[in-house]
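Two complexes, one shared chain (subunit A), two partners (subunit B, subunit C).
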Partner chain A sequence: MPPLAWYALRRVAHGLVTLWFAITITFLLLRLLPGDPATAIASTNMDATMRQELLTKYGLTESLPIQYGKYLVQLVQGNLGTSFSQSEPVSTVLMARLPWTLLLTGSALVVTVAIGIPLGVVAATHAKGALDRIVQVVGVVGQSLFVPSVGIFLLYILGLKLKWFPIGGAHDENVYGIAWYLNVGWHLVLPCASLAMVSLGSYVLILRSTLIESLGEDFCVLARAKGTPERIVVWKHGLRNALLPTTTLLGLQLGFMVGGSVLTETIYAYPGVGRAIYESVIRLDFPVLQGAFVLLAATVVAANMITDLAYGLLDPRVRTA
Partner chain B sequence: MSTQRGAMNLMKAQRLIRVCVIGAVGAVLAACAPSAPPTQSNAAGSSPSDTLTVATTTDVVNLNPLLGNSRTDDWVTDLMYPRLLTVSANGSKEPYLATKWGYSADGKTGFFDLRNDFTWSDGQKLTATDVAYTINTIKTQNPKGNVVSGFMSNLGKATAVSPTRVELQLNKPDSIVVPEIGFWMTVVPEHIFSKQAKIDDFANASDWVSAGPYRLSSIAKGQSYTLDRVEPYPMAPNGKPTLAKVVFKVYPDVNTEILALKKGDVDVIANALPPAQVKDLKATSGISVAEVPGLGFTHMTYNMKRKPMDNVLVRQALAHAVDYNSIRAVAVQGQAVTANNSPITDSLKEFADPTLKEYTFDPQKSKALLAQAGVSNLKLTMIYSLQDPVISAWSSMVKDSAAQAGITIDLKGMDRNTYLAKTVAGDYDIYAGSFAIMDEPVSNMALQYLPDGAINYSQVNDPQLTSLIEQAQSTIDKGKQKSLVQQAAGYVNKNMIDNIMYVQNLNVAYSSKWDGFITKPSELLSIIDPASLANIHQK
Partner chain C sequence: MSIMLADLETEPVGQQESAAGATWYAFRHNPMGLVALGLMLVLVLVGLAAPLIVHYPSGFTSDVLQSPSSLHWFGTDNLGRDIMAEVVWGTRISMTVGFCASLLAVTFGVLIGMLGAYFPRADTALGMVVDLSLSLPVLPLMILVAALAGPSLGTIILVISFFSWPEVARVVRSQALSVVNLPYMDAARVLGGRHRWILRRHLLPAVAPVITVTVVLTASRAVIAEAGLSFLGMGDPSSWSWGRILYESQQSGSMTSAWWTTLFPSAAILLLVVAATLIAIAYNDARNPRSRED
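After this line comes the complex of A and B, so read on.
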């Protein structure tokens, strides 16, 4: 088997094991939470018999291994179950939400890279200069930002005071056709900016340090000695190598962004999976929580697999290791 | 030469492919974009002046009104499915779909007489058959989270004896069945709901039929819920609700919700405002704040199954160690009134006993009572939910004032589900919490103070109190019932079975350009009750 194919196969196998692990941990952790879904949904205003009936209906009175076995069988059949509180299939509940989370995190990731690379390059090529210091300050401040604070600040200034952007939601009512896409983009700006702002710092700082290291390597010195313009040395030779560790970081940041989307979607009233998780935790709606974590884990695992495969393509040493 | 031509052809082909790809992506996006719905009859031509946008912090969970879930579910479904009774400003029941209600002379048959001018939006008449179906479905299927089933233990079945009269067979006289079903139950269309084998599994997620002033027309899940006007609606002026559309928008964060109101993105905030935000909003130009009378109360209960709280002197000592006035003035920012440590507060004017008085904050008296009880170095834990910002704010005040009486209180703030689990298990010394709506004195006392009551958080099992409540429940004589209720409330006060601290008045905000709101007690009815939203208009 060619090394690249063997490498890809191993990454997929690792991904599947990771996914199974995430599914199992989620299943167990939910059942360790205090309280029970019957009480969370119907509050305390019901007697013990009614609560027991509800728990039996939800299948929560069976032993843990039986619950787990049934859940896995169901999952393999592509069935995520039915929401306790919403009486609808979990797939219906989540599929109405997942596109918004993917749009939000995906666009935030693109913005992070699009802004992060030039900033990192500027800092690295002006190392220890004024521009470098400014970028470093921006990076450190970015790392210490907190989504809710950034969110309320942006909403107050850009939404309420300047009225440039809407306050909350993913789109307005009664907007159709191409105008709908523009409306969605307009609503996306602030949540995307918040998420990108909090993830940009670490990306820029890591890119800066790896690029400084890379530009001092022999191959860059040789390129300069051959008369290669500095622009080419930086962007073609140095950056390509510096991007390797930041590619890994991007995969990790996707997981961070998915986690951060819970807060971002809450502050911006954005109808994504993060909000569904937040609401389902309050109601202990196990099927929705399990389904949401499966989807998000699958998304992160898939993104990391793609990152690993890209890494393998960028650096032949990795696939033969 | 031929190589150059080949390269040019290749470039042309690449350009053509690029244009085709861009065109194809554009076509796909255009095809996937939501298209305008066909013109809807009643709401056609709606404008900002007849569209009301209502903000809420909780999303809709389930649109089946027979299942209880979130407050927003109730607000939305109340605009489509009428209740039999509503509550007036003084806390008494008043007609809605039912014009008369009550019991037969022997108390074994309850009845509702209905209006004959309500129609479902698909043209079917709303009759007693729908009401009987709804009652019997709740009784037989016990839908999850439905509070009405808790009041049906003495109900046999409901029968539509005519198109406008429903009769309820009772196993024995029970004064709480009719008023509680009347207020808490929303009537659903039998011709739609009876097609469902199990009501618990019915999400009612599309093709809505409404007998209210508005009907759901579209949903953007997690974001907005749009309702269109339904005509005729007999309780609106000239049968036509004033608004063409009502849109509920979900803002999970209350700060974002307030910014949306200030900007003009929404017209009303439906949920009660946090006390700390009221002053700011009252001072904001273009925004009005309406005070909504509370119909519930906030209390601390002392677990009477645990020593030494089984001793009345200890409970009285604890009650004298609370600085009620400071709590109401500081933590609730003056937006609450005393409950006189009585479960029948002034919100229920018909039943409240004006002679009952609040325990004074008197640490010395508290110490004396503890000494009399032979208790020293009293150490207790108090549980409360961290999701309740007001109780979280006054919990430390309770701790500090108790310390002045030599009582140590260990505060245990916790997440809602842990708190509910501990509440159900009775795992606390002191429980702090709130009831949102206590609309019917007898049923509320039965739930709180009978030994098997679902919300008996005092864990009380007192034969004298039980007897008073059971007598009040089994009589349909209003005068006798009032006397028994007042005796029971006095007993609770005197023996400190439940430390009812205050009734919080709620505040809701709306854009000043709107007028004509009808204010009803409780967050549930508030200013967005169907009667209110069928009548409001822009100034």
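After this line comes the complex of A and C, so read on.
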């Protein structure tokens, strides 16, 4: 088998194992923890026959391995169970919301990289200088920000005081066509900025140190010795090589960002999966909570898988590793 | 021979100090690290001395949503409670959660990390579990568990530490891996040392510096995690934490009208996390002889 295909196959298998792990861990946690779903859905004070009926309806009377097997089969069929509070399939509830979360985290990721790369380059090329110090301070503070704090302040200043941007929701009613897209973008600015500000710090710091390292390597020294202009050494030789490991870390950071999106969506009443989590917590709607986690985990796994595959295409060294 | 003796005698005093002494010496001469350490100590003191500083914020008063004044330095919330009292008592809870969760996570993470590096056979399985848990979105999982187990301080600490140890294990494992094949470890094995003795007396001291940094960073992450959970209403409703102040401000809608209900708890979180990060950076710099010379 060609190394690229073998590599791709291994990545996909790894992604599937990760997903299986996520699914199993949620299943076990939900069943083994003190407040199990049986008491959550049907209180023990209930009329015995009614309780039995409810438990049977949600498949909570069978033994654990059988429940687990059924759960896996259902998941493969795309069935995430039925919401306790809305009596609707969880997949219907969540699938309508997933695009908004993807839009939010995706755009925050793009903004992080778009601002992070120039900042990282400036810091690395002026290592130990004043500019580098400033970028480092920004990085450390950015890394330490608490998502809701940032969200609340952007909302308060840019949304409420200056009234530049809407303070909640994903779009206004009764807007169609191109105006709708503009409206969606306009609503996206604040949540996306909140999320990007928090992830920017660590990205810049990582890029900075990787780039400093890569600029000191032999191929950069050689490029300089050949008389290549410094600008090209930095952007073409150094940055290109520094971006590879940085991208893997960005993929890992995605899990953290998805967590941040739960908080951001809560503040801005943004109709994504995170907001669904927040609403289900209040109602103790466990199937939705469980489904949301599995869905978000699947998103992160898929994104990491795509990054890794793109990587294998770009960098032949990775394929054999 | 005489030359060598002379060399030994003229060796500067600093060289003969222990490694810990040299680290502390370098740390003391780094203003950034000292300021951060001072800040952290102040926060710890505030947390410890909370009952001496302000009364526990409870009950309602008619001074609703007052902006900061000489009477209420940080203003009051929508039920007329003093925000400064909430922040001070919140320091106590937030830092307790950070400290306890970090202690649990680090204990477990160090154990797993060291075992993984020391027993290659266990390493594959342990490494896999660590890798898998690191690539999952942790906050939604914590929410799920916290919602099930019911909101209480103990639950929060357990949940946070349960999901923080893989990070610790990863760091400790990679440090331990660089040590397990060094000659002194082989020597310990040749001497016929038991695994427990080698792990405790030879491997643990080698990874100890990493542990110091990890404790601080894990604690600050735990504070952030606690704030996140509390902000979503998963906190302990009977005790004040920084996240709960934000949660109440958001729930009551005062976050849109009264900036002081959110500014002060946010500033407290930021201060703590920045201080922790700077301490970790300064400690790493002080420990590394190369950066010490700068």
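Criterion: the second predicted complex is superposed on the first by the 293 of 321 C-alpha atoms of A that agree within 3 Å, B and C clash if a C-alpha of one lies under 4 Å from a C-alpha of the other, contacts with A are read in each partner's own complex, and residues count from 1 in each chain.
Everything below uses one rule, namely that a contact is a pair of C-beta atoms (placed from the backbone, for glycine too) under 8 Å apart; a residue touches a chain by one contact, two chains touch by 3 or more.
These numbers come from a predicted model, not from an experiment.
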Between subunit B (first) and subunit C (second), which does A:181 come into contact with in this model arrangement: first, second, both, or neither?
first
Thinking of the overlay built on chain A, is A:300 touched by subunit B (first), by subunit C (second), by both, or by neither?
second
Per the contact definition in the header, classify A:160: touching subunit B only (first), subunit C only (second), both, or neither.
both
Which partner does A:6 contact after superposing on A: first (subunit B), second (subunit C), both, neither?
neither
Between subunit B (first) and subunit C (second), which does A:168 come into contact with in this model arrangement: first, second, both, or neither?
first
Contact-wise, after the overlay, does A:96 reach subunit B, subunit C, both or neither (first, second, both, neither)?
first
Touch check for A:219: first (subunit B), second (subunit C), both, or neither?
neither
Touching both subunit B and subunit C, residues of subunit A:
33-36, 40, 148, 152, 155-156, 160, 167, 266-267, 278, 282, 284
Seen from subunit B, its contact residues with subunit A in the complex are 29-30, 33-36, 58-59, 61-62, 64, 67-69, 142, 144-145, 147, 149-150, 200-203, 205, 218, 220-224, 226, 247, 249-253, 255-256, 259-260, 262-263, 265, 415-418, 420-421, 423-424, 447, 452, 454-455
Sort out for me which residues of subunit A touch subunit C in the complex.
17-18, 21-22, 25-26, 29-30, 33-36, 40, 140-141, 143-149, 152-153, 155-156, 160, 167, 252, 254-256, 258-260, 262-263, 266-267, 274, 277-278, 281-282, 284, 286, 289-290, 292-293, 296-297, 300-301, 304
Subunit A partner, complex, touching residues on subunit C are 132-141, 143-145, 147-150, 220, 224, 227-228, 231-234, 246, 249-250, 255-256, 259, 262-263, 266, 269-270, 273-274, 277-278, 281
Which part of subunit A faces subunit B closely enough to touch in the complex?
33-36, 38-47, 50-51, 53-54, 57, 82, 85-88, 96-97, 100, 148, 151-152, 155-156, 159-160, 163, 166-171, 173-178, 180-181, 266-269, 271-272, 275-276, 278-279, 282-284
